[in-house]
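One structure follows; several queries about it will come next.
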Amino acid sequence: MIPDFVMEACNLRVITGRLNNQIVLIDDLSLFLKPGEILGLTGESGAGKSLTALAMCGLLLPPVRWLKGEINLCGKKIVPENPKAWADLRGKDIFLIFQSPASALNPNLKIGIQIREALVEVNGLSVKEADKMISRLLVGVGLSLSAGSSYPYQLSGGMRQRVLLAIAIGLKPQVVVADEPTSGLDPIHQAAILDLLKTLTKDHGSGLILISHDLRVLSRMADRIGVLHKGRLVEVNPSQDILQFPKHQQTMRLVESYNELSVNGHTFVGSN
Amino acid sequence: MKIPEFRWNVLIVSGSFMLAILFMAGLTAKQISPFNPLKVDLSQRLKAPNEEFPFGTDHLGRCVFSRLVHGAKISLSASICATALSMLLGIIAGTLFGLAGPLLTAPLRGITDVALAFPGLLLALMVTGVIGPSIIAIVLGIALAGCAWWTRFIRDQILNAQTKEFVMAGRIVGVSSLRLLLRYLLPQIVPPVLIAASLRAGWGIMAISALSYLGLGVQPPSPEWGVMLQESRLYMDRAPWLMLSPGIAVTLTVLGFNLLAEGLRDAFQLKESGIF
Amino acid sequence: MGIPLLEVIDVAKIYPDTLSLLDRVAVDGINIELQTGESMGIIGQSGAGKSTLGRLLLGIEQPTRGMIRIEGKTCNGKTLRIRRELRQKIQIIWQDPVIYLNPYLTAQESVSEALEVSGVHRTIRTKKTAELFEKVYLPLSLMRRKPHELSGGQAQRVAIARALAMEPKILICDEALASLDLPIQQHIIALLMAIRQETGMSLIFISHDITPITRLCDYVAVMAEGKIVEQGVVQKVLSKPSHQITSLLISCEHRIKARQHFL
């Protein structure tokens, strides 16, 4: 049976600060994600986008903490009282792709070894099986086989991001959370990374939460778009509705700039 | 760049509390000491701590408590003077070296390396050897001993401060060299310098006591902790409080400075910087 | 036509690599000519040498070969320390304004410091600073804030005001929009357009985002592997790209950022 939702979050509240001086960072955030669906999350900087990503993966760092709500991940219920439950789910059921891929890779290990480790530990493959898979994964994300024997610092930002995607594709998690995966990359790498993310969802049926401040990117990628403002999800609707009939003021602001800054089809004749 | 917010913590509070008590004791030594620290009374020799003499008396019948608080004044002021002096020299020399172009880097590093290879205490010994044992001599000796270290330290800090993006931005706008130093570079090195000063002041306390113990620093009958330790040597078995009181005083002072340094390091969030 | 505002003649920057003995060519054989008031966009993949070119123009680094002239004055050999006169002509804003503004100075001090350098007398500096704040649409209430107390967009405006205080002929924008939110990007673009119109300042807009270049620039140069592979009038290059890198950049940009047309 295919579950209706791969992920469901109810009334999440994330806070920081001491007891007498609590600051609510995310409040009353509820969302769901269907298999194979891309949910875009956008908002201004400081709206809580990255925090939402971390909260979804149980990676909040103290003093920031998850206070209230519940997350349902592939039928497994997680509540704030039992944060250890994440450890079994991370990698296997949920995978986070960071803004800066450099910090997600171990600088002391060759790329191939890191991919192998992930495959062996999470998927339970034998080393032989994993090695066979690595070359397929590397080629799949558009890297040469020699990338497997290089260290992270020898690769460019775009290439490191591809490595993370290769791991994600290899692990086939139910949910992928990608936090600004293309920021700082040039258009050629951006397009490639976004294509790979799309493949991941369409071929493997993973659900993707794609976080970006760039509505232009989301409009191309996401099935539904949610708009965050001051830690609250002010609007979630199918992409088309968000762009054509924005309801919340914040959404209107974003859509206005989207209309201003999008590449106009007429300017670039001969492209496509 | 974001300036880390100063966060108070237990270490700073406890360290500065300990130091504050010692400072107060030193400053009000005249008022709080029950006796003249130099008053000899052979009828009261080697008395164990009692109501009249809270920490007992020494082999000449002098009040140990009175000597201890007067010693606090000498040790703390000497150590702080020495640290401040070497810090000042280090800041001037280190800043000049840090700002000097790559041409000067190699010879300067050579000089500081040689100076650093020389044990600090030995250098201080030499100075006292030249100008004769006195409080001024050890202050100068310890200050000189710390100079090489401070110069190197400040130079590294200035070099590091210059790599910041906003410093380059200042250069592009064409901010004057003096302004660049005062408003761009020096503010950056304040936190590490404070931490280092606290650590070095602790080291200074130990060095002063050590030199005085060896008879090269403060001279008897001045009530200095190292002098007191030296004098108590012969009566260790009969009157252990004679040795314990200055020993504990030195330990507590050094601990206070180290706690403060540790606390400041956390407060300025420099733990991961690898400087200390 | 008089002396061109900016002439870049066959400029190259080569970093020697002592380990592998293979020198790394960052920028190679660049030729650019820009008249007063004209703006140029520079696009290309990351690692194409765009930012190095910007650093060479500013004099942060010296070219290994070739010649840079601003209003007929040669920049070669003039390091940051000694190019007093040139500094007034060329300024820069960066991707991350917060790390390029002095964290120990307030917004006001940062701007008035630049005024001081450009020789504005003390008595009118405060007034001038306020004028600059107005010009970049910053509320005066933010004057006493330090960079980390400002949002990204506000900090970028302070950086622009600081650059404008020097009254430069050329403003280099090195990925100046990349870390800003979309609505803020739009505001900064509008601001730069207004400033261009008012002061006739030239922009050199380094970016891997093509859209702002269509708004702000007259010419565009496409860089790949340290060389300019194509340059010309923006509309022409973008509509009829002749080099494959250009077409690839445009098609990718199009794929990511083209407006969705719903039926």
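Labels for the chains are A, B and C, by order of writing; each one numbers its residues from 1.
Note that contacts are C-beta pairs under 8 Å (C-beta built on N, C-alpha and C of every residue); 3 or more make two chains touch, one makes a residue touch a chain.
Just so we're clear, the structure is a prediction, and the values are computed from it rather than from any experiment.
In terms of inter-chain touching, the protein chains here are arranged end to end in an open line.
Pairwise, the chains sharing the most contacting C-beta pairs are A-C.
Averaged Cα coordinates give subunit A a centre that lies 53 Å from the centre of subunit B. Distance between subunit A and subunit C, defined via averaged C-alpha coordinates, is recorded as 32 Å.
Subunit B and subunit C have Cα centroids separated by 50 Å. Those residues of subunit C that touch subunit B in the complex are listed here as 58, 60, 80-81, 84, 87, 91-92, 94, 96, 98-105, 113-114, 117, 146, 148, 162, 166. If you check the complex, the residues on subunit C that touch subunit A are 44-47, 151-152, 178-183, 185-186, 189, 208-212, 214, 235, 238-241, 247-262. Considering their complex, residues 44-46, 156-158, 182-191, 194, 213-217, 219-220, 239-240, 243-244, 253-254, 256-265, 267-272 of subunit A touch subunit C. Interface residues of subunit B facing subunit C in the complex, by the touch rule stated above, are 1-3, 164-166, 168-176, 179, 183-184, 187.
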